[in-house]
Amino acid sequence: MGIKKTPKSLLFIGGDTRQIRAANRIAECGNRVYIFGFNMTDSEKFSEGIGRLENLEEIDGFDAVVLPLPYTTDGENINTAEGCEKIEISEIFRKLPKPLVVLAGKCDRKIAKEAEKSGIQLVDYLEREDLQLLNAIPTAEGAIQIAMQETKHTIHSSKCLIVGNGRIGKILARMLAGIGAEVTIAARKNRDHVHAFANGFKSTSICGLYEKIGEFDIIFNTVPSLILDSDLLIKTRRNALVIDLASKPGGVDFESARKLGIKVIWALSLPGKVAPDTAGDIIGKTILTILDELEVK
Amino acid sequence: MGIKKTPKSLLFIGGDTRQIRAANRIAECGNRVYIFGFNMTDSEKFSEGIGRLENLEEIDGFDAVVLPLPYTTDGENINTAEGCEKIEISEIFRKLPKPLVVLAGKCDRKIAKEAEKSGIQLVDYLEREDLQLLNAIPTAEGAIQIAMQETKHTIHSSKCLIVGNGRIGKILARMLAGIGAEVTIAARKNRDHVHAFANGFKSTSICGLYEKIGEFDIIFNTVPSLILDSDLLIKTRRNALVIDLASKPGGVDFESARKLGIKVIWALSLPGKVAPDTAGDIIGKTILTILDELEVK
Amino acid sequence: MGIKKTPKSLLFIGGDTRQIRAANRIAECGNRVYIFGFNMTDSEKFSEGIGRLENLEEIDGFDAVVLPLPYTTDGENINTAEGCEKIEISEIFRKLPKPLVVLAGKCDRKIAKEAEKSGIQLVDYLEREDLQLLNAIPTAEGAIQIAMQETKHTIHSSKCLIVGNGRIGKILARMLAGIGAEVTIAARKNRDHVHAFANGFKSTSICGLYEKIGEFDIIFNTVPSLILDSDLLIKTRRNALVIDLASKPGGVDFESARKLGIKVIWALSLPGKVAPDTAGDIIGKTILTILDELEVK
Amino acid sequence: MGIKKTPKSLLFIGGDTRQIRAANRIAECGNRVYIFGFNMTDSEKFSEGIGRLENLEEIDGFDAVVLPLPYTTDGENINTAEGCEKIEISEIFRKLPKPLVVLAGKCDRKIAKEAEKSGIQLVDYLEREDLQLLNAIPTAEGAIQIAMQETKHTIHSSKCLIVGNGRIGKILARMLAGIGAEVTIAARKNRDHVHAFANGFKSTSICGLYEKIGEFDIIFNTVPSLILDSDLLIKTRRNALVIDLASKPGGVDFESARKLGIKVIWALSLPGKVAPDTAGDIIGKTILTILDELEVK
């Protein structure tokens, strides 16, 4: 996790405890950090050397401005803590001196257009492979924590199915096995079966699930498309626990599960929920890497 | 986990969900099981083949009577669910036909004397090495669950100290490492240091802790004597989490920790709390093993 | 490792013990298998149901012809066992009825041209991702075997460096850690450092090696370009063992190492050498997968 | 592995490369070390600060004299390298000034009597629990090295049986699983089955072996009594590999195995053979611990 030596100057606008942690980490590495758009309570959690801006014009320029994850919830204003004045995205883009690099989480078309219009270089740090890889760690742990809380048996020696062998599936498999679970991976591609075999996990094709799904105590889905449909759920144990880690549409037919009496937990955005400090560290690390890469270019 | 074939007849008197699970498991293995001293709600959770006694004289004799864990809380009556009539221990010992084997959890002098007086063979299944070894699994998992719930960072890559290298310490070390923690074991005996070395864990003497304790994010104590005293706690990080798994007096100076602002969680009887089904399975297995051993003699 | 049900007919021409094993496995799965170009001793090792051809015209057609790995050593003839008549590649391509699928290992331009000219579909099974992933297992084990044979200390608690985090590097890291080694991975890409971190390994950049290489007892190279040059070797312990697993030019300045008195072992084609049965099984599995895929199309 | 600070003075008489290594390690820790009874070639391998005695009377006294492992092979003379004059044990005991502590490997009645007669405190370091625990590491690795060398398949995904769940069995199980083998432990005691279960290994009773032994590719015996008798060997795969790690009578009916064509390797004293440096380090560490303990008393 090499961190280069040229000190940068950054402005954090808005966000929750993760941004505080990220800002502190970045400051610890010898960079100048300023904040704007945090309430009193949050402000106190920033390290001493960090500067608190009263207004956005106060300082000449920054190597980058960091917006929260997600950068907005209403599509207009930056996601700030309660008790802060609203800050419109367009306002920031207008006021801050150019050229400007803006690092934001979960960028959509709107902010992309605004950035283009204002000649701002926009980077979505949520899209970064390193952040996603690192986030797989707290996501997998969070999934295990939920499994521990929601079952009356141990993870040790329970039969766990992981649907999908991507970033999260791989780490989750290793951690579950590390606690003593029997892990089976369901995946489509031959290479995933070989990967499972090499790492000592059982594997099954998605088709094969129709015969095997009844064996499992805990089922983790990581694939964002409807795999656990009513046909599969009917064959699932009624007392199994299903944890869906897939974003957007999810991978479980929640309605069928409800009717069958199978408990499903749709667990989204786990890093921020179960390990906000780690999630903040990850954002901090990723931002430093992005800045290093921008500099090299 | 070999289970022999001669069917036994057992009577379960009182207890919580663990006894229900144990009884069901023992019945599944082909034994005749009867229950007494459960309320309506609990009664329904027993498997179909299990007989519900109305009064204790109803049946001639049993291979064994199983009392709960702990067998009593008030020292007079058996630990039964709410809504049940009280059942005095002395009454049971009087009424049930002899010779009789009674399996009970957490036996004290009182029950031991009563048993001797009545010519009853009393076995404390909580004292069994196999039960204690098996219970170390849900205990370790429960400790990890608490650590996950009470910290804002991941277990992965956190620095964990385990004080003591007994049954629980050993399994906890393996599970923590399985999730990606950096594990250090603090122990007195040379053989524990060698064991740690062989298994890839760092280790330190108890004396050595004075210099090292400040490094750790999470500290698990498994030793039932005051090791984490005020001298050590002063050197502990204020934001560290201490989880005390040691029974009776515990191993932490709770008052000093409170003053220093270090969070300590004293986690007792974890198997029944975090994994009652597994805890019940373990009681069931242990009872079957005890019965096999009694038969062999 | 799903194997489909339509029986195939295959002809194995030439090869060593791996092809015998592959042929036997494929026959066991219910396919018709014929052989040609094996000597008497080898012929006896094939399973009973396998047909021995006297001449290539004997049978009408095959779903596929399987050539050895590598298919040739002299560029003209197929790689057959001692005591067999030479079989020219061009002759086979001429004689066998078309359309024909030929599966061969380590194809070069020559065979590719010949195949194109003759209207033969040529598949190089050595190029298959699944074969390469599976071969990483015996390669990693072979590297460990060599390390065990060539050192006077245990792998356990020795400091191992793996240069490269590809297929072989990843499995090797896991196996070495599984025996108790301290593993560090040297890699260029940020994603490899994150992968190492997630999996509990230390990592270093290639540049960082200049400072750290002196720490290691055993150094495994998996990258096929000159990384362990004289500058790095000078900083390497004289009593370190270097195992180069990289093909073609290798990744070590062998001459410098020799002068410095550092032992280097260039270990190529390990699967066939240390685990020919497993290597044969892998070829067998891969061929079955290729046939399934061809059928589906 | 704490090493205390009071420097000791030790005399090493005779031995192989392990004693050289042990002496060097002990010298490195700040102790004064002298040698006697090594030939020219070996003498050069000792560190610079180590003193070479010409005759035993040369120096006044030592905290301890260290004899080799085993201390003798002929029962009369100390086990010295070729080219050294013979040194009778009785002579040493006579000549060296008392009080004297002698640390020797594999003590028998003879040396014990001699020691008692001469008022010498004799300690057999081979009997030490810490040495035996530590030696289990190179023993397990050596067993794996042999398995790798003697089979044509990988350890990964092979079915391995370990008879016995003692020091060696436990470490061997963990290492084999670490490479990807499927491990089953055969043991008598219930606690061993529970230990296996807790650590994620399958287990079987010794009786159960009659049904299961035919499944295994590699069988490791660690129990020094005849368990793998002709009845069990008849049910073993003819192409299985049996590695017997048990001392003295061994645990395999070698004659039956020979007749059945099952390959058995009786692998004794592995640490000194496969990892002499590690074996020497272990002797060195153990001697330091013994000296510390003697001092404390």
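Quick notes
Per-chain numbering from 1; labels A, B, C and D assigned in written order.
We take it that a residue touches a chain if its C-beta (ideal position, glycine included) is under 8 Å from a C-beta of that chain, and two chains touch if they have at least 3 such contacts.
Just so we're clear, the structure is a prediction, and the values are computed from it rather than from any experiment.
The interface with the greater count of contacting C-beta pairs, when C-D is set against B-C, is C-D. Chain centre most remote from that of chain D: A (centre = mean of CA atoms). For this pair, chain B with chain C, the centres built from the Cα atoms lie 51 Å apart.
One simple way to say how far apart two chains are is to compare their mean CA positions; for chain A and chain C this gives 38 Å. Centre-to-centre separation between chain C and chain D, using Cα means, comes to 37 Å.
Listed for chain A are residues 137, 156-157, 174, 177, 180, 197-199, each touching two or more other chains. Listed in rising order, the residues of chain A touching chain B in the complex are 17, 137-138, 141-142, 144-145, 148-149, 151-157, 174-175, 177-180, 274-278, 281.
Partner chain B is touched in their complex by these residues of chain D: 1-2, 129-130, 133-134, 136-137, 171, 174, 190-191, 193-195, 197-199, 205, 208, 289. The part of chain D that touches chain A in the complex is made up of residues 156-157, 177, 180, 197-200.
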